[in-house]
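Chain nomenclature is as follows: A, B, C and D, assigned in order of appearance, with residue numbering initiated at 1 for each chain independently.
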Amino acid sequence: GSEESAAKEDDGVVKVALIVENTIDDKGWCQAMHDGILAAQERMPGEIEYSYSEKMKPVDAGSAARQYVADGYDIIIGHGAQYKNLILEMADEYPDVTFAFGTSAEVGPENVVTYMPESEETGYLSGIIAATISKVDVLGVVGPVDGGDAARYNRGFVLGAKSVKPDVEVMVAHTGSFSDYIKAGEVAQSQIKAGVDVLTGSSQQALGALRATADYPDEDIWWVGQDLAQLKMAEGQLKCVAASSYDYAPVIVSLVENVKNGVKGGYCVPMNFANGGFIFGFNEALSDLYGSDLEDAINAQISEFVNNPNSVDWKSVDYSQL
Amino acid sequence: MDFIVNILALGIPFSVALLLASIGEMFNQRSGIFNLGCEGIMAMGAFIGMLIPYSVGQGGATAEIYNFLGIIAGALVGALLGLVFGVVVITFKAKQGIAGIGMQLFCVGAAGTLFRHFVGGTQSIPGIGKFYIPLLSKIPILGQIFFSHNILVYIAFLFVPLSVYILFKTPWGLRVRAVGTYPRAADSLGINVNRVRFQALAVGGALAGLAGAYLSLCQAKMFSDEMIAGRGFIAVALVYFGHWDPIKIMWGALLFSLAQSFQLAVQGQGINFPYEFAVMLPYVLVILTLAFSRDKKKQEPAALGIAFDREKRT
Amino acid sequence: MTRQFKILYKTSIILIAVIATLLIGSVILVTIDADVFRTYLVILTEPLKNKIQLTEVIIRSIPLSVIALGITVAYRSGIINIGAEGQMAIGILTSTAAALAFYNVPRPLNIIIIVVCGAIGGGIWGFIPGILKAKLKVSELLSTVMLNYIAAQFYTFFLRGPMIDPAELTLGSGTPQSMRLEKTVWLDRLIRGTRLHTGIFLVFVLAIFIYILLWKTSFGYKLRAAGASEKAAKYGGIKVAFFVTVSMVISGAFAGIAGSVEILGVHHRAIEGITSGYGFSGLVVALFGGLHPAGIIPASFLFGLLLVGADMTQRIVGVPANMVQVLEGIIILVIVAAQQVLNDKYLMDKIWKKFHAEEAK
Amino acid sequence: MDKITSLRMENITKTFPGMKALDNVTIEVKEGEIFALVGENGAGKTTLMNVLMGLYQSDGGCIILNGQKVCFTSPNDSFGCGIGMVHQRYMLVPNLTVKENIALGLKKAWKKVKLDMDFVVSKIEEIGEKYDLVVDPDAYIWQLSVGEQQKVELVKTLCLGAKFLILDEPTSALTPQEIDELIQLLKTMNKKLPMIFISHKLKEVKELSHKLAILRHGKIVFCGDTNDYSSSDIAALMTGREVKMPENNEEKEFGDYALELKNVNVKSIRGFLALNDLNLKVRSGEIMGLAGVSGNGQLELAQIINGLRKIDGGEILFLNEHIENTSPIDIIQKGMGYIPEDRNTEGIVPSFSIKENLILKDIENEQFSNHTIINNKAINDNAEKLREQFDIRCVNTSLSAGALSGGNIQKVILAREIARKPKFLVAVYPTRGLDMGAAQFIHSKLLEMRKNGVGILLISEELDEIMNLSDNIAVIFKGHIQKVLPAKTATRREIGMLMAGVNND
């Protein structure tokens, strides 16, 4: 789809193209970027023209990107590490265009920007919340595939939980798929049956698990989300205690500004609380669940992250030792 | 003990969508039509199933009615799509395998497109809750395993004996079996082969649609365009597992789903091997069970996949 | 029947098919308020307008045709292989592993080793359903569906575990993907500014190979006999079980080769999502192509055109991405139906008689 | 309609794509009559009857029933008028039981939610009593011998209320006894219903029919009273030439034992012994006829000799080498030839061209493939040669073999097997369903092979065929060879007794 901005083709307008594997309304990974670009558009009225391509398999992404280049786009974002090669090769071929992709911590060539959400921080916050509100001290993690973003978030969750209650039990299970909502729901049900009372999960499939928690409306079964969009959903209202999101707006704004100033890339943007890459929110409707103690603890942790980025040793977590 | 009870209590509802779709596909195949479009019909059933309660019946006291309307609509759309498939493979005699793939693409795509247009992103719905059978659900252990599910679970399992009855005791079942094995013989007795096949496709489609509606309204209680995630193909595979016999198909669906719920439970307990091997379990188990089962009776409907034309020689 | 009538019959069927496709598609397009005319115009003309899009079409047709050639071998021996997706995934794993293991081998040899390893991986994944069918009578429709899922899990396991790019671990992004292959093994680009790679030549080589194998050798003769009539083949002294197994190995190997070529020519490393959809599309191409190399190559091009064209509609016309599948589905359905009607001598005869009778009156 | 007093098909024309199967055919059948329809394979007999049943729509002409024009667009219409047909290829669903097969057409048994099986069974019993036709309603069709299936077909047709019966080659797969029984039965039934009877066996036609029509290439070439013509007259009218079945009356010395079966046992899928302590020896140059009621192990015997089935005990020697439980290809290479029972799917690969089928067993032969590369020229030459030699009638040898008529398919198989110069030949029902011309041709070829010193095991249900061709006749019963008799002195009676299991020794 394309959403052309009102501005006409003139020097002030930067054309941004987004390539995503899922859809821009998936209430997760892709939507976060889409929302970020829209927010950036609002902040820089008339300066950004935006188009996106959804459901891009790696090979389709190549076609789309080339078409965008041909159409004169200035910034092409491949939102997923699977687009890495594609981006690097195209960057080589088209030095005048800025390419961006993430997650990656590599600093790429002159005209490549990478971004790296350090999602263990959000996971850590979720872990603190989960462990605090849990009555039975058994937590559940519904993972898609143990890699990338999800691996960091989930391990951060384990560390966060243990930081509050060292003996807390965490059940981790993976569905093996990013988009199998039903299986995620099955995992959640299985964990709830096994005695878990607070769950979390990552990637779009996690919505299936969140929905499964809402099947216990009157029981103390809760969810901690990985995306703020989850809070707005009906079952999120009911069950999602808190959530944190990636906020790509600053990344996009700086990207556009840099491009305007002639800096095409050659840097990596880590995303964390320190640089405003994450936003966090509680679910007001469930304020009975968390006291001001917890809110304070979370705020303290966030300022800790702001002062001390990159402090969560997520790699140390070994699921089989839980 | 709890561990096992939980596996059983979850595995049974997990199996329902597979069971329904697979029995539907069995009716298709018994009549001689191979419908790989099952996956797509499930997607449409799931979409239409959720659309009705979503768009007209959110909340309120009458929500349940809209849920059931949704289920019925899912089945109806499935039946309709089965008939559409029939037009392609019966009226036009198109090759069934490839047409099935076309059907699957069309339906999955249409469900997704319409969903994006009318609803938007992944959407949840209240769905249909559990129905605890009075008294029975109170029995310790057994009550939890067998009598504490949503109403469609009971209905789906009732379909098993029902379809055995339909297939083997009713005139229609007899006609279905005959047109799937030796359509020429049925035709020589004045049975309208293509009409019976259309009927079977409608039934099969309705069950696939129902399976989809079960997924969106009862199991996931949400919809997303990718939610069927290959379950339609597994349902087709289970027909081969069950050798076109509803009861064996039921065992296949249960085997798969119990293995699924078992591996999830085991993963939750903590495993010291890569989780991928746990995820594989149900698939591996189904292959192995079939490979090493004694019963190799070939009951494949002999005319499966062949369009019928009275004047054409075969 | 006159020749004029035959031509009239065929053209009107094709015309009706085209109109039917457009009409059915527009029902959905109108429902979602899309511009029907522009959508079709984009699909049909955009991919052919410039060299970038045209080469993209060919890039898709390369793996499609290789897979379809393999599926043809299986189909000719009586097996419907819907497991190409899994076979391709395993082929990608093994060829990537080979590429990473043998990095200091001279280029041509290295490429051959990589492709052969891809073939071996895919071949093994084809061997399993083959032997299960030959020895234990397990329907391939069941085993290949299941093996696709199993392969997908192996795939993530290896890309996340043993074969992950060490940089992904040290830098912490942890994306399941392998290291990038050495530039020395990349297939050459044929046209500057496009991704079209030399893998296209392999397609022709493999197509000729399959043609010779199936129709010019005694091996192919026996394989086809085994598929055309198991009973007659057994009677003729042909070891059907052997051919069923071997043809599945070949079929899998081709899917594996398609995987290697995708790695060497397009992606240059193993990443998630390379295989998605190629298994079924390959089956469609094989059947469209009449299970013959001479038909498969144009069919794969047409299908590639459809994929690229339909995909472009989301950018140019703004229809949702799922609409791609809707259009693909409709086109497949209409073409298979029309194909049958076009070749139905009985129907043609009937219509001829009707016209004739009226003329006589 | 109570009774069918007259049925007339007038000026029936029917074309299939590319060919005219019926050309202005007119026949008329009256009350109390048996009307015989004869003609070579592919003459159009079955097509004509399918038009009558409403299965095919004719391009021209009409059907007049009791003086009224009728129009049949589906078998329902013809059933409604009381016309029933026993099809050439039985219209029985193999994995349904007898009563289910009958219920399939018996609309009165179709109650809303349940099949009224009691009604079906009582109907079967009623017909059984009326015509003395006993069938087991609970047996599955696949369990029945061809003869039994034949009976089921008849019962089915009668249960559906036929008042006019069409029988399309009902005797082609029956044993002599069964044929005799059937003919008697039809004679008694004829008192109540008129019939059309199709057969290639003129003896039956003579015995049964009142009137006779001959079809050739879709046209009626002759119509008259059966009694006015002798069998050989009819044969001459049918084929356009004199037909004389060849006989084995040439004395000759036999060679050594080519095939020896010693104490062979084979279990059937259903558990009992399909072959039970079977002993049989055949010499080179000898034709050993194997007589027996079908379903007594003939097929198993042919299969084990050709390696298509494992044996559970005993020995098989072929030219003094053990061949039991080896693979078909080994046996083929040792020089075994085999004409299988099922010519359409076992003897040929239907979708393969005629020329490809002619080398089914020889593709690895250097003559046809050089280091696995096929030599198309050799294959073409071979096909042309055999086509001429065996009079295979086809437009060209690149056409798929499945499109040939039954007789021509059999010629393709025979051509292939004979051209391979086998040392031994197993021929199973080699002339089943073939017209006289084709049968004559095949018989003469078999005798020619004998002359060349090839041993032949001839399995057949037609006693005439066996007695005409064999040197010795072995009789099989329940998988055991009852006795081997010299053909010269054997009598039909004696063989018949042995086939029924009565052994005086």
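Some notes on this structure:
In the analysis below, a contact is a pair of C-beta atoms (placed from the backbone, for glycine too) under 8 Å apart; a residue touches a chain by one contact, two chains touch by 3 or more.
If you're wondering where the values come from, they're calculated on a predicted model, not measured in any experiment.
By count of C-beta pairs in contact, B-C exceeds the other of the chain pairs B-C and A-C.
Computed centre separation for the pair subunit B/subunit C is 27 angstrom, with centres defined by C-alpha atoms.
Inter-chain spacing, taken between the CA centroids of subunit A and subunit B, is 35 Å.
Averaged C-alpha coordinates give centres for subunit B and subunit D that are 44 Å from one another.
Of all residues in subunit C, those that touch two or more other chains are 153, 156, 319-322, 324, 346. Annotation for subunit A: residues 23, 146, 176 touch two or more other chains.
Subunit D has residues 16 in contact with two or more other chains.
Listed by chain label, the pairs that touch are A-B, A-C, B-C, B-D, C-D.
Only residues 23, 25-27, 31, 140, 146, 171-177, 179-183, 185-187, 189-191, 193-194, 196, 204, 207-208, 211-212, 214-215, 233-235, 319-322 of subunit A touch subunit B when the two sit together in their complex. By the touch criterion stated above, subunit C contacts subunit A in their complex at residues 50, 52-53, 56, 59-60, 152-153, 156, 159-160, 164, 167-168, 171-177, 180, 193-195, 262, 266-269, 271-274, 276-277, 307-308, 311-312, 314-316, 318-322, 324. The touching residues of subunit B, counted against subunit A in their complex, run 3, 6, 9-10, 14, 116, 120-122, 124, 126, 129, 215, 219-222, 224-227, 229, 231, 260-261, 264-265, 267-272, 275-276, 279.
Interface of subunit A with subunit C (complex): residues 1-2, 21, 23, 51, 53-55, 57-60, 62-64, 66-68, 70, 81-82, 84-86, 89, 93, 102-106, 116, 118, 145-149, 151-152, 176, 315.
Residues 40, 88, 92-95, 97-99, 101-117, 225, 230, 233-234, 236-238, 240-241, 274, 276-277, 279-280, 283-284, 286-287, 290-292, 296, 298, 307, 309, 311-312 of subunit B are the ones that touch subunit C when the two sit in their complex.
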